[in-house]
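Report on the structure given below.
When the chains are written out, they are named A, B and C in that same order, and each has its own residue count from 1.
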Amino acid sequence: MLSFDSVLSAIDTVGMVAFAISGALAAARQRMDVVGFVLIAVITGLGGGTLRDLLLGRLPLFWLRAPELLAIIAIAAVAVFVAAPRFRMGERLLVWADALGMALYAVLGAEIALLAGADPWAAMLLGVVTASFGGILRDVVCNEVPLLLTREIYLLAALAGAACFVSLRLTGVWRDHAVVAGMVVAFGIRAAAIRFGWSLPPYRER
Amino acid sequence: MLSFDSVLSAIDTVGMVAFAISGALAAARQRMDVVGFVLIAVITGLGGGTLRDLLLGRLPLFWLRAPELLAIIAIAAVAVFVAAPRFRMGERLLVWADALGMALYAVLGAEIALLAGADPWAAMLLGVVTASFGGILRDVVCNEVPLLLTREIYLLAALAGAACFVSLRLTGVWRDHAVVAGMVVAFGIRAAAIRFGWSLPPYRER
Amino acid sequence: MLSFDSVLSAIDTVGMVAFAISGALAAARQRMDVVGFVLIAVITGLGGGTLRDLLLGRLPLFWLRAPELLAIIAIAAVAVFVAAPRFRMGERLLVWADALGMALYAVLGAEIALLAGADPWAAMLLGVVTASFGGILRDVVCNEVPLLLTREIYLLAALAGAACFVSLRLTGVWRDHAVVAGMVVAFGIRAAAIRFGWSLPPYRER
């Protein structure tokens, strides 16, 4: 029987791979070699969860004893190096996989923070951090202004999902229901933004 | 009665808000949306203290259970987004608030490091890190060369204040006196640099 | 009698100074003042080991009670500020000192990770991180695309050295022998790359 947690775990892997591939595509823009591809993919795929766990003091880090995560990311990075043109054709797919990963990471980041004793506001912040820090690191290391910060409704979707999850949990809603609700909110907002080209008004001189 | 610690606490909040506003102004230069404003303000306002506590192993982090800090920073960021032109008129004020915050953070950063068992030299370094890391992170994320590092007497003022505090503490001076002396040194040097346009000689080819 | 560990310790210092000097030379390119030189040198010299220990939860950090490390780095940075033209003549020397430091850091980083209970793959990754993170931080703060990631066989050499060390340890080889073998592999690959101008093929549109 397919359990709820095994579905979450599958989404988790999909999201991590989507993050790793987006890192490898950034490495391609910088004309790195294959080792650079792997390192940027690792940074992007594991960055958010690593910062979250450092801030919460959750040691040892989850990937220190999970060689399969490193292997999956390395394989994804090498695959992009070898077959990037085809991946670019699949960029549309990537955006959706990334959105799914973002939705899950925002909710699970908030949950882990709550369990570690953070207050609700800090939990929402950690949800956003978990969902976005990998992508921010990727862009900072590749010397670009992080796209997450300047474009599209990404942080806002993560924040809304984390806020929804935290609110439901605090009002006593069952954990699995709150996870689904938070993910639906985050993914829904992000999906609408992708589909209809929504973006928040940027700051403008007045 | 106004206690010494409540004055320090007020200065702490003023400094954090000054850092947050400087982050929001950097977000304005990058034309981010309002969520980006808040994230950069959070990074700038909490970055220095967070790195200090991570390096010293002081967990849980101070802001995990202090929602009022996050709220103050978010309000400051939104206020800049809405009313930035007026804030730019107030940029002069900001420089002074930032100098006050820097002076306090340099001294308190050194104190916390001493209490955590760091040796005096590491304590001075952590004072400088606490006072400057938020601003460095802000500029790195916004893809600019950190101004702190290239211009004006900022790091030097923080270093002098932290060194003064550490020296006085090691020679047995009462804590509150050492705090005031360290802050006066850091703020005084920075204030003179702002007022008279002082800067250290940059590196020059010879 | 010259012990094996005292030789390693000397190489460690040489590597740290090489990293610090490369940081100061980057500060020179950005026309920083002398305090900026010292800060960039500290970041470059201590960054890799600091991240490694944060990820592994090895606190208190090694440099919190080792003022002599900070002093050596600060002296190196000031020396570059004062006498950079001569250091540039010595850039060839620097590349070799950096290669030696990289080889040692890759092996020791992997060893420390193994001792802290990381699995073999995570240990290799931490070897690479320890050898490269200082240089990556240096370039990120100075707003350049990290050269390590885009050019030359650097990460690959660190990875090969760490992998060699980890494999030998897991097959029961005596520690000192494995350290020497790992360093020879890492240094040898890097030296050949420097000497013969080897590089991996960068990603190319096809």
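Everything below uses one rule, namely that a contact is a pair of C-beta atoms (placed from the backbone, for glycine too) under 8 Å apart; a residue touches a chain by one contact, two chains touch by 3 or more.
Which protein is which chain? UniProt says A, B, C = Trimeric intracellular cation channel family protein.
In this text the structure is predicted, and so the values were computed from the model without any measurement.
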Same-site or different-site touching of subunit A by its copy subunit C, using the half cut: different
Superposition of subunit B upon subunit C: rotation angle, C-alpha, nearest 5 degrees: 120
Chain centre separation in whole Å, for subunit C relative to subunit A (CA means): 30
Subunit A: positions in contact with at least two other chains: 54, 140, 143
Parts of subunit A lying in touch with subunit C, wherever the complex brings them together: 27-28, 30-37, 39-40, 42, 50, 54, 59-61, 63-67, 70-71, 81, 84-85, 140-143
Subunit C residues within the subunit A interface of the complex: 54-57, 113, 116-122, 125, 128, 132, 136, 140, 143-146, 149-150, 155-156, 159, 199-206
